[in-house]
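Take a look at the structures below.
What follows is subunit A paired twice: with subunit B in the first complex and subunit C in the second.
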Partner chain A sequence: MFNRLLLYLELVRMEFVNNLAYRSFYFTGILNYSIQIGAYFFLWDAVYVGNRVIGGLDREAMITYVIIAWVVRSFYFSNLDRRVGTDIRDGKIALELIRPYSYQMVKYARSFGEAAFRMFFFAFPAGAAIYLIRPFTLPVGWDSVAMFVAAVLGAFVINAQISMIAGFAVFFTKSPTGVYKAKRVIMDLLSGLLLPISFYPGWAREIIQLLPFQAVSYLPNMIYLGKIRGAAAFEVLLLQVFWIAVLGFLAHLFWRFAVKHVVIQGG
Partner chain B sequence: MKLIEARGLTKEFRIFSRSEGVMGAFRDLFHRKYRVLRAVDEIDFAVDRGEMVGYIGANGAGKSTTIKMLTGILVPTAGTVTVNGYVPHKQRESYTKGIGVVFGQRSQLWWDIAVIESFKLLRRIYDVPRADFNRRLQQFDDILGLSSFLNLPVRKLSLGQRMRCDLAAALLHNPAILFLDEPTIGLDVLAKSKIREFLKEINNEFKTTVILTTHDLGDIEALCPRVAIIDQGKMLYDGLVDNLFSQWGQDKLEDIVKRIYMGQKPEPGLAGGGVSLV
Partner chain C sequence: MNMHQYRPSGPLARYLTIFMHYLAQYAKIKMAYRWDFFVHIFTEFLQQSVSLIFILIIFSKVPAIQGWTRDQVLFIYGFFLVPFGIYSGFFNHLFDVPEKYVLQGEFDRILLRPINAWYQVVVETMKPELLVSMIVGIIIMIYSGSNMNLVPVWWDIPLAVILVIGAALVYAGVYTFLASLGFWSEGNLGLMPMVYNLSQYGRYPMTIYRGPVRFMLTWILPFAFVGFYPATILMHRYEYLGYALLTPVVGIVCFVIAYRVWAAGIRRYRGTGS
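Presenting the complex of A and B:
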């Protein structure tokens, strides 16, 4: 058990170091994110003409929301769905079956190594740079900071689990790109990355609240903004734990099915 | 107690057969037709500790499918299999600690990182004590000559170098059984002989059981006293290579195997005593 933990930590470290070798890849990423954040900044700046309050957020809160949402996304985002999907499509998953470890844990560990790299070399510098150009609201108190950090970690796990399940879905559809695109659109819309959930009409909000996606972006952002504090913030963390358990169970079922029905090319 | 014991081992694949034309494609949306392919058909197979067995067959004969069932990758449709005291597909995580697998067609090492980093990670994965790890690595290096490219990433290695690394990687944890699926595919004569020499030495020193599929009968002649021949999922022959020669009265293994693949039987009267064509 302890040995396995060491192995997964080693994988986190390895992926982190590995990513250092591909720095140029991240420069294009930084450009991409700058354009996204810039575009949304001007969009919301235009929408908030006058002193309006939409969906419980004023102009300043909205701009902070957009910046935080994208900076945090640069941390939790991963290509896990593509990696798992490729493993399944190319039959590489067979090679993973001959190893005495948990395939999913290995994937999560490597993803986390990548996320840690993105945090240090991407999210922190980007956040600081943006703050210098256009100061945004900082958290109202240390309790908000602590809860926000915990919620972002939860967001990473939930996003990784959803990606894992999307990757396993390739097993059924045999059309990976469709799955990846669908997952991306669903995540962008229902997590609150593009639009805070409070902007949606009532019926849509009621549905979204029953789904795990809002725990990835919307709820952590609201904790950052101080709109969710104290006991309510703690409830968000509990909700995340609940979804981690449910999604973990689902992913386990998918994995069991995939292993049983693994089909590999070749005599 | 045999190290590997399979009885009535069978694997069927369901293959979706597409109907022709536009109407056919439309029909397939609602009603899919499947055809069942029996890749491995009730094979009995037993191997003792320390044996080196060659497993050959034409393309698509069912070799790799058998290996994949023995290694726990595929779940058999029917039959039983125990290897090293485990049921491979059921006790995967404990079972795989005691085996090594090499697929000639694809590397199991991490593509982008230095070979030595892959090895170190494998040490963690298999919980190999550091002293054992260093000793074995030294020994593999002596025979295979790895040291010159241990610090290169796998993507920069030649096929021969990669294969040597893959072999070393599969043996770092001193497994009881080594499964090799076409380990010499695409290699030059020198690389081949190096790998054969290495396998012989490993088998000799550690009593590692080796199961090897190949299309190169030179591998069999150099390494395996015993050969199993499979065609269309059925075991055609399982016995000593020497007996094949006396059965067929030929002096080239290649000719014999060709005839077996073509479905011919040895001429009666030539068959040596105690030899069975399964």
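Presenting the complex of A and C:
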């Protein structure tokens, strides 16, 4: 058990160091995110005239929401779906089956190594650079910071699990790029990355609350903004744990099914 | 040479025939992966729907953004999608040039053939099914146009065609220029996603952007001409008439400059050496 843990930690480290070799690649990434955030900044700045409050957020809160949502995304985002999908499409999965470790855990560990790298070389510098250009609201208290950090870790796990399931879905559709794109678009909309969930009409909110996506972006952002605090913030973390369990089980089912029906294409 | 072989007369006919051949090959590939083909079209629709939902939700909360109503913003977005469809169908994959064509030496093969190199890259990497965005865009324009009681006039359609060609040339120019950089630098500079995100600025009214950003979108990377400016004239708002009518000029200038850089890049190209 302990040996296993060491193995996965080693994978985390490996991936971190691997990414270090390509760090220049991330400079353009930071610029890229800034352009993306800029687009939303200008739009929301124009939407909020006067002292308008929309969906419980005023102008400052909204702009902070957008910035935090994208900066946090630069941490949790990964190509896990693409990697799993490629393993399946190229038939590498057959080789993985004979190895003495958990396929999924290896993928998660590597993703986490990448995420840790992205945190230091992408999210933090991007956040700092944006703060210098356009100061945004900082968390109101240390309890918010602590809860936010925990929620962001939860967001990473949930996003990775959804990506894992999307990767396994390649087994069924055999249209990898379509699956990745559909996943990304659905996540953008339902996680609250594009719009806070509180903006949606009532019926849509009720559906979204039954899905795991909002735990990736919307809920952590609201904790950051101090809109969710104390016991409510703790409930968010519990909700994340609940979804991690459900998605973990789902991913396990997909994995079992995929292994049983493995079709090695070509080769 | 075979007597029955089809021999096109002019260069235009020749290029058209080549296009048809490429298209036929493409269709064969796509029909082998039929499911993939439909999933692509579906996800393209999905992406467009998400952008549409985004706009609709914002306007369910506010009546107007700096004087631009819901239908006007929708109309701009609808127009934006038409040249965007041409771009995603034909020019998006110019970003393959630095990596796939220059670094891996695929360009040798291109240069050996007696057909224009740029044309070959475009038809080799095209994804014509992504033209569906155009249809979505036209539907959105008709819907929002009728909502704001836009009365069509005779010059609307010929003008729209000219504006769309101009806007598509802006895309072609910018992406050709970026692709050409591959002849000087090694590999992909990672500029493509950045420029893509910047191009998305063109689908909102320019009035929401601050001075320097607006200046850049008009005169440096002219993405204001792929959506906003030309769309205003088609919804019969004439405050930006000068800019709107400049669209084809900007498109042509942009493409000509980019093509010259491309040609200079080809002269520099020395192959991979093996």
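Everything that follows uses one rule, which is that the second predicted complex is superposed on the first by the 264 of 267 C-alpha atoms of A that agree within 3 Å, B and C clash if a C-alpha of one lies under 4 Å from a C-alpha of the other, contacts with A are read in each partner's own complex, and residues count from 1 in each chain.
FYI, a contact is a pair of C-beta atoms (placed from the backbone, for glycine too) under 8 Å apart; a residue touches a chain by one contact, two chains touch by 3 or more.
Keep in mind it's a predicted model, so treat the numbers as computed, not measured.
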Clash or fit, subunit B versus subunit C on superposed subunit A: fit
Touching partner for A:Asn3 - first (subunit B), second (subunit C), both, neither: first
Contacts of A:Leu11 with subunit B and subunit C, given as first, second, both or neither: first
Partner chain(s) touched by A:Gly178 [first = subunit B, second = subunit C, both, neither]: second
Which superposed partner A:Tyr103 touches (first subunit B, second subunit C, both, neither): neither
Vertex subunit A; arms to subunit B and subunit C (CA centroids, nearest 10 degrees): 90
Contacts of A:Phe42 with subunit B and subunit C, given as first, second, both or neither: second
More subunit A residues in contact - subunit B or subunit C: C
Which of subunit B and subunit C A:Ala21 touches, first, second, both or neither: first
Subunit B versus subunit C as contact partner of A:Leu95, first or second or both or neither: first
Nearest Cα pair across subunit B and subunit C, whole Å: 9
Subunit B and subunit C contact sites that coincide on subunit A, given as residue numbers: none
Of subunit A, residues touching subunit B in the complex: 3, 6-7, 10-11, 14, 18, 21, 92, 94-95, 97-102, 259-260, 262-264, 266-267
Subunit B to subunit A touching residues, read off their complex: 13, 39, 57, 59-65, 68, 71-75, 92-94, 96-97, 99, 101, 103, 105-106, 108, 112-113, 117, 121, 124-127
Residues on subunit C engaged by subunit A in the complex (per definition of touch): 33, 35-36, 39-40, 42-43, 46-47, 50, 53-54, 57-58, 60-62, 65-66, 189-191, 193-194, 197-198, 200-201, 204, 207-210, 213
Residues of subunit A that touch subunit C when the two form their complex: 25, 28-29, 31-32, 35-36, 38-39, 42-43, 45-47, 49, 52, 54-55, 173-175, 177-179, 181-182, 185-186, 188-189, 194-195, 199-201
